[in-house]
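Labels run A, B, C, D, E and F following the written order; every chain starts at residue 1.
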Amino acid sequence: MLSLCTFKLNDSEIKLVMPEARFAEPLYTVIDQDRESLARYLPWADAMNSVQDELNFIEFARHQFADRKLFLFVITDNRQPVGMIDLHNVNFDSHSAEVGYWLASSSQGKGIMTNALKQMIINIQPELQLHKITVVADVDNIASRSIPQRLGFTHEAVLKDHIFSNGQYHDADTFIRLFD
Amino acid sequence: MLSLCTFKLNDSEIKLVMPEARFAEPLYTVIDQDRESLARYLPWADAMNSVQDELNFIEFARHQFADRKLFLFVITDNRQPVGMIDLHNVNFDSHSAEVGYWLASSSQGKGIMTNALKQMIINIQPELQLHKITVVADVDNIASRSIPQRLGFTHEAVLKDHIFSNGQYHDADTFIRLFD
Amino acid sequence: MLSLCTFKLNDSEIKLVMPEARFAEPLYTVIDQDRESLARYLPWADAMNSVQDELNFIEFARHQFADRKLFLFVITDNRQPVGMIDLHNVNFDSHSAEVGYWLASSSQGKGIMTNALKQMIINIQPELQLHKITVVADVDNIASRSIPQRLGFTHEAVLKDHIFSNGQYHDADTFIRLFD
Amino acid sequence: MLSLCTFKLNDSEIKLVMPEARFAEPLYTVIDQDRESLARYLPWADAMNSVQDELNFIEFARHQFADRKLFLFVITDNRQPVGMIDLHNVNFDSHSAEVGYWLASSSQGKGIMTNALKQMIINIQPELQLHKITVVADVDNIASRSIPQRLGFTHEAVLKDHIFSNGQYHDADTFIRLFD
Amino acid sequence: MLSLCTFKLNDSEIKLVMPEARFAEPLYTVIDQDRESLARYLPWADAMNSVQDELNFIEFARHQFADRKLFLFVITDNRQPVGMIDLHNVNFDSHSAEVGYWLASSSQGKGIMTNALKQMIINIQPELQLHKITVVADVDNIASRSIPQRLGFTHEAVLKDHIFSNGQYHDADTFIRLFD
Amino acid sequence: MLSLCTFKLNDSEIKLVMPEARFAEPLYTVIDQDRESLARYLPWADAMNSVQDELNFIEFARHQFADRKLFLFVITDNRQPVGMIDLHNVNFDSHSAEVGYWLASSSQGKGIMTNALKQMIINIQPELQLHKITVVADVDNIASRSIPQRLGFTHEAVLKDHIFSNGQYHDADTFIRLFD
């Protein structure tokens, strides 16, 4: 299991790992259970309708990783997958990338994602020579917005109607961090 | 020659057309002549170093068009290519896209790009069912910023260090238009 | 909607346009309604059995267009797709190509295809530097044969058993036009 | 060495074999020696300018063979490659194909190609269920035209300006054979 | 039908031929009839569950042949396919390859496979410049092991748990032949 | 930097990491310095002739990793690449794989490779559900042979003329470890 980083959180060992085929089933189970809350803010959730869909996405992500277009990690808690975090829209000309993430409802509230984002940045920003990392979050998604705020990201902008989910447009906040 | 639209401007017939292999040479000539001014704001200009580079880009754009990932048009003035305009980062989930464009210095100041953007939107927004079209321009690129302003786009945000060109980071303005 | 050309015919605006995914459904409906008459002379008609088949063909045609191997256009009448016209077997060594076309029965008899072929040639022959354009038609397909004849094509040959459709071989006439 | 067929001709053993990488060098030598006479009627001859060009063509032909789009054989005389014969424009809908061939000048006049065509047809026509096989030859290329005539092919048509070689257009004769 | 070689055996004409789409059905019938005995030693047999599976394998083998990665031949007896023989793990750096084969039960005991292996080697070893050819056979598969032994191969090694079939691991014997 | 595992060895932190483009230059430098000793036993060494060659290999390995065909890791010592270790010939049917490795001469003699192999197995064998792992080493390559021996691998066989390097054939020992 290839991992970007590992950290302890209470009695949990959290890892950010390369997506593997064997994660398709447990990840789909989580998504299916949390479908309603995920779909409120994340457009892809309603299109993920089978273990095969998740497997296809994992294969896609592995090849995008090989091509350095998407750096997507499965978050495991004591070896169980509980969510994902990624860098997408990676632009090696402007040295910038955007963060995406989601976490199983049963794993929320423990600081997993805040630490996952922190550790992902520590471990991948120098290697990719990123100058700017942006988190985009639905203005109403308090859980999601709080993560970059806790890590000292700066609020940059409100993007109008940036997300279409659950049948309507939502504004999004962008939070940024710059690196020398 | 496949065209998206045609319009008259004084004694010029302006067309937005599919990129063709035969445009590689005249487009490269324009880029090479205007290299200094283009490279001030556009990161790709310094990497376009031969007719073959331009041809490769045209082939890439044709296939991206077939895949509906990039809608790039060559702007012709009385059949001579003078610039490009495109929709990229097209997101069919959020019904949004971003505009890019550049124009030969010798063709600037005549309203070509303002009309090209206007016509591109009229002709392609309904078909792609776009809700939001964004123009991103270097804060110092007055010529570029003026185009969405003339067309009534709304200023949405200043994106910090969004562009890296000519060896330094530049802030960018985003201008948006929403459609029902 | 990228178009090669537009022309008026009585109260109709006819366009030759790039095939788009959204045409799959209306085109399939037309083919399904006219299946019997189309299959009499066109071998592909019996193999087009679902909207998905038509969509696959459209995707194929878009990529063939990007590769300059097939130039296929949907014919629209007041924005409704009513048929197709194309250049295939395009040979850039011998500067030659072959024309293919079909039209919904409800749109026949109005001069649409004769004008479509005329306009396609005007708009694409110079760009592709074609010296010879050939129309191949079943000797019994009066509607199809009449089109190149009306446009002054020269009868070149009868090709024996050139078409296999509806379970039997059919001779074909070739009509040609040469360009300097 | 995969072969379609083998036959004796005087003291020569002639084979029609799958193109192999090791043929690139001897085939290129032959083409280079006969370039002037080949280029008179065959458009590709002037574009074959190195052993690597020939190797690329062999690789292309092997993959086209795997895809059943081109059935191209190297003709060997006592294991030395002396020419090629192929079926191209294979159409499994109309059960038809077109023959192409060329032979080193030093191997001409011995009946090699006439027998090669005869044997290729015997060995491949039933398997591909071809109804019609067409030979297309420059009207002035006496050597080439004589081959289908010797094998009892029927003259079908004269195709106007069908070939562009040596800077001018040439008419072509088509000779056909039909199979039940 | 491209063949590597042909030989007589009593009143049978045996050929080693390129895999063709039309073999999928008869080969699948044989595999399905002999499934139990094949699956005892050959891991792939239980995964071959339809004519389409066999067709997919044939297409795969044709492309691998074009790429010179797998040289797989169908064995025909009086034009009926009765088995397969191949060279896989072909290593052009170490000039080595491994042999695989299987034969319909109704065709066994006549010397077909022993002669097929002998002829395959005669016809392909010089061309591929192979120094070492290895046959790997389940230690309990008497029929399979006897073939290289009859042809004078040397026993090289016993590979522990080399094959997993029928739910358990099997040791394998390797038999080798070296060429100058 | 994605890593499979990390371990301490004296004052060195050793990691097995995903190959990255930025490793191409330091790896090539090492290979070029050790070319003579590497080429004695490793056939690829003489074909690695530029940083670009190494970069191409890294890109190849990344895509093979995405496809689960090759699991190749760069070994870093305090973040400097000093060698590679991999699993190739991974067979998910027989649950087996083969190990390959090489180490810069300046890093040898410290136990790096013995520990790297041990850690690679601990971290990847359960996930890939491997039953058998084989190390193949030139019989004369004492350094290479000693590694599986130190880790308690069983000697399985001597493979005759298994490796062709430095212009001659070499026998190879295979050492195996089985897992439940």
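Convention: contacts are C-beta pairs under 8 Å (C-beta built on N, C-alpha and C of every residue); 3 or more make two chains touch, one makes a residue touch a chain.
Computed from a prediction, not measured in an experiment: that's the story for all the values here.
Engineer: Both subunit D and subunit F are touched by which chains?
Structural biologist: Intersection of subunit D and subunit F contact lists gives E.
Engineer: Enter the minimum step count from subunit A to subunit E; a value of 1 means the two chains touch.
Structural biologist: When the steps are counted carefully, the minimum from subunit A to subunit E is 2.
Engineer: Weigh D-E against E-F on C-beta contact pairs and write down the one with more.
Structural biologist: E-F
Engineer: Counting in whole Å, what is the centre-to-centre distance of subunit C and subunit D, each centre being its mean C-alpha position?
Structural biologist: The computed centroid separation for subunit C versus subunit D comes out at 31 Å.
Engineer: Which whole number of Å gives the spacing of the CA centres of subunit B and subunit F?
Structural biologist: Taking the average C-alpha coordinate of subunit B and of subunit F, the gap between them is 49 Å.
Engineer: When the centre of a chain is set as the mean of its C-alpha atoms, what distance in Å lies between subunit C and subunit F?
Structural biologist: That gives a centre separation of 58 Å.
Engineer: Considering subunit F alone, which of its residues make contact with at least two other chains?
Structural biologist: none
Engineer: Looking at which chains touch, is this a line, ring, star, complete or other?
Structural biologist: Shape = ring; chains linked end to end, path closes on itself.
Engineer: Can you name the residues of subunit B that touch subunit C in the complex?
Structural biologist: Counting only subunit B, the residues touching subunit C are 1-4, 18, 20-22, 59, 62-63, 65-66, 68, 123-124, 127.
Engineer: Which residues of subunit D touch subunit C in the complex?
Structural biologist: Subunit D reaches subunit C through residues 43-44, 89, 93-96, 131-132, 154, 156-164, 169, 174, 176, 178.
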